[in-house]
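In the two assemblies presented below, chain A is common to both, partnered first by chain B and then by chain C.
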Partner chain A sequence: MSMAQPRLRALFSLGLTALLITGLIASQWLLGDSPQQMQFNARLAPPSVDHWLGTDTLGRELWARTLAGLALSFWVGCLAALLSTLIALSLAAIATLSARLDALVSLLIDTLLSVPHLILLMLIAFALGGGTQAVIIAVAVTHWPSLARVLRAELWQLRQAPYVRISRALGKSRWFVIHGHLLPHLVPHCLVGALLLFPHAILHEAALTFLGFGLSPSQPAIGVLLADAMRYLSGGYWWLGVFPGLGLLLMVLGFERLSTHLRRAL
Partner chain B sequence: MLEARQLSFHFSPDAPLFDSVSLTLNAGQWAGLSGDSGAGKSTLGKLLAGYLAPFEGEVSLDGKALPKSGVQPVQWLPQSPELAVNPRWRVGKILREAWTPSNAQCQTFGVQPSWLSRFPQSLSGGELQRVCVLRALAPEVRFLIADEISTMLDPITQLELWQALKREAEQRQLGVLVISHDSSLLERLCPQRLHLSGGQLNPW
Partner chain C sequence: MRLILRIARRLGRLTLVLLCVGLVSFGLMMVSPVDPVDAYLGPKMAQVSPEQRALIAERWGFDAPPAVQFGHWLRQLVSGDLGWSHVYNQPVSEVIGQRFQRSIMLLGSAWLLAALLGFSLGVVAGAKEGSTLDNIISTYAYITASTPAFWLAILAVLLFSVTLGWTPTCCAGPTGTLSQDVTLATRLHHLILPIATLALLGIANVTLHTRARMLELMRSEVATHAFAQGASRIDVAWRHGLRHASLPAMTLAFASLGELFGGSILIEQVFAYPGLGQATVAAGLRSDVPLLLGIALFTALFVSVGNMIADSLYGVIDPRIQAGGL
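Up next, the complex of A and B:
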């Protein structure tokens, strides 16, 4: 395989994901209050020319609600992944300060990894009273350990690297070594780590909302749409669950592919 | 004067690497250090440059402890130049990390202007070693610990590198400790030669 191929694939995935994000942001602006508009003469209408992806029990257009749900999931996922990456980077940096702090951070990582994700997520979201903010905090607080472990190992290795020791011997300050040698090396890891966290974050956000611990039922979140769909699935209203689920799947797969290609390219 | 007094060091308490080793290197002096693999030559070099702290004894420069900050007057040059440079930096930035060598100095050490815009991966080990040697010759530097720096070079490049370093050392009265397995190289370069074996340092 030529060296250009991973970069080309990464660029292609990046372009597709950028298009998806632009579409989601633009849809938020273009949709206005369409996701909430009710049409009582078109309740539970199947997909047709008039109602592209069908309507829900209150006659709300499912395409508008799915797009709004994906946009909401995107922002929640972005903020949670960003916060998680910051926590991982900070703790990895703290771990390199001394052997005791390293043992403490390692213990924290192992403890969090040993607890089932979803249970911890539900407990934190419940304790924080639910809502968007609680979901973001819960997802961020539970998703950092894997990335922190990678960053901690990288930092330990880098600190021992001869060129880092030589830089100090050449009179460079600790701060110069951090921003000149260590951080540029960690940026690709953080970028890929955050992108890998993103699909997890939105899936857990949807799961949390689906279980009733996450976003408010009044918000057109994917989890809310899927929870609503569950009640009507046995009645044959398949479009209520299929289209929001498919949208979520495509977004998760898009970001997962992007992170995989970026990891190979970087 | 670079002086090591009664240095003791071990990686494991049951197996001391060396015990009560003393060494003096004067300004402008060239000393050679040989020894079997694993005898502790590189470790002794790192102790002299302040990269490692001895368990006992001390290293001093003109009677004072080595400085904690700023350009270190004792510079260590490792055997593998590719590990001594940041792979994400271009050669020009690597070379100017501590100081800016003149064009004449670059020429003396055979550092070509065309290398400066390249990444270290595109240079050979020998070319990169010349960059590393020149980088370590900041004006504040007074002693060099050259740890097997010419092992990977062909004989002609070795000769060019040592001649350039010899000239620079004579001009600036640099003290140089040459660590090598090559006894003929040490004989040619260093009037004083030492052998590290069984944790003891003896004249050779």
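Up next, the complex of A and C:
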């Protein structure tokens, strides 16, 4: 039982998260353009039976906009985490080639880690001129160092492992060693690493968008919703500020739990 | 002698990293689609003829190749000139200096509060694993670790400023008052909510880390031996746990300066607190390249020094580690 429990838990949270994400994506397909539909007779309406989470200043339904924002965050986070993992994997591989390249990669890691994440994100988004693409690239380029460190250490260890050395001594090709021995070890690390990156990626995407460097204000991103809410705070329109953030928190929390369970299970 | 050598090596590394930061951020600014002449001119852009634009570009050296521009910027930097910020119409070094003075109050108190509270909560939670208190603290830490900083700030404004009216909603002092006339009490009144929010976010990390270290200790042979001699859990936590967990907590606190600064950018934005974070956002949104570069370098220095202290602390506090060197 004690062996099975972490795996059961991981499976459970995996199923739950998958269900929620499927629901989220399906809702986008079902909702169509209702996040952008304005109702001028129901502007800034508080939460009620007709308007579940209330409406914003143009009478757009907040629940539809929050769901759309979460879906956006999810896609941006997915792409960014995937790209980031790929960067980490390739740089870790490069670092193991020679001592000089290793020093270069670790200098790069030190450089990236010495600038606060958010400032680096702003610099990159600024350099790319903002927009969805810029956010994805910025988040991907800044989040790989910790994973790269793990992968690099793992690779160094693997290269010294007896079975890899024997395989090489027997004249197996480079491709065979990488494909047959190294990758099966690295894939679980990458998977967990990508999952660990994901919550950070969406939080940073939202932060960047909130500050005005990310997704365009016409998109219903969580950052945009909260930035809009800021303008109506003193008017007491609390629902505008509370619900989008709560949705984001729940999503991040879900993925955080999932990655913790998975890490324990693997 | 070895100590001097080690310090020299660290400083060398620091300079190298800062140089790389400069290179990377300068490179990013060069590829940016924002035209520096347009950014400088602002709305007056329409009144300037192409010939005049070319003259401005030539005067500032924008027509030179990027490598020459970087060399020029670096030379200025070494002589202490960070350039001119067109958003604030002041030298960049002055902007950073003034803004940092305001931010340091926020950063410093939040940092200290987060480290102390986070550490104590972690010790308490770790000492009594599985108790109700532990569950509450752990749940709290897990939730705040996933909370967006700016959302928490928005909630704080909603609750304490708008609904309860206990604290002001914005700025570092009452509007319409000169900053030198603001009394310390008013200043603190304006700062209390930003500090609390920033600290609340920082606590989670330290707590979870300290708790893990405490659990490790409670299962160690040292603890078992002490228990066998009749010591209570509190005894063990107090006599062994504090020492065991304090080093990683301190290291973590120094190593998390970057995250703290990132949080302060968001929180200053929500509370409209005129600190360095707000200046960063303004510089980015209004394309103030010299200020952006200056802030990037300054924060990199700030964070690197934090990391260096974190590394050195190991050797100072735990002499067993010193032999390992860098």
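Definition applied: the second predicted complex is superposed on the first by the 265 of 266 C-alpha atoms of A that agree within 3 Å, B and C clash if a C-alpha of one lies under 4 Å from a C-alpha of the other, contacts with A are read in each partner's own complex, and residues count from 1 in each chain.
As a convention for this text, a contact is a pair of C-beta atoms (placed from the backbone, for glycine too) under 8 Å apart; a residue touches a chain by one contact, two chains touch by 3 or more.
Computed from a prediction, not measured in an experiment: that's the story for all the values here.
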| item | value |
| --- | --- |
| Partner chain(s) touched by A:E256 [first = chain B, second = chain C, both, neither] | second |
| Partner chain in contact with A:I124 - chain B first, chain C second, else both or neither | second |
| First (chain B), second (chain C), both or neither touched by A:L170 | first |
| First (chain B), second (chain C), both or neither touched by A:P162 | first |
| Touching partner for A:G245 - first (chain B), second (chain C), both, neither | second |
| Touched chain A residues, chain B compared with chain C | C |
| Touched partner set for A:H181, first chain B, second chain C, both or neither | first |
| Which of chain B and chain C A:A229 touches, first, second, both or neither | second |
| On chain A, the residue positions that both chain B and chain C contact, one per complex | none |
| Touching residues on chain A, where the partner in the complex is chain B | 161-163, 165-167, 169-173, 180-181, 184-185 |
| Chain B - residues contacting chain A, complex | 49-51, 69-72, 75-76, 78, 80, 83-86, 88, 97-98, 135-136, 138, 140 |
| Interfacial residue positions of chain A with respect to chain C in the complex | 107-108, 110-111, 113-120, 122-129, 199, 203, 206-207, 210-213, 226, 229-230, 233-234, 236, 238, 241-242, 245, 248-249, 252-253, 256-257 |
| Of all residues in chain C, those that touch chain A in their complex | 13, 16-18, 20-21, 24-25, 28-29, 31-34, 142-143, 145-151, 154-155, 157-158, 162-163, 169, 258-259, 261-262, 265-266, 269-270, 280-281, 284-285, 287, 292, 295-296, 299-300, 303-304, 307 |
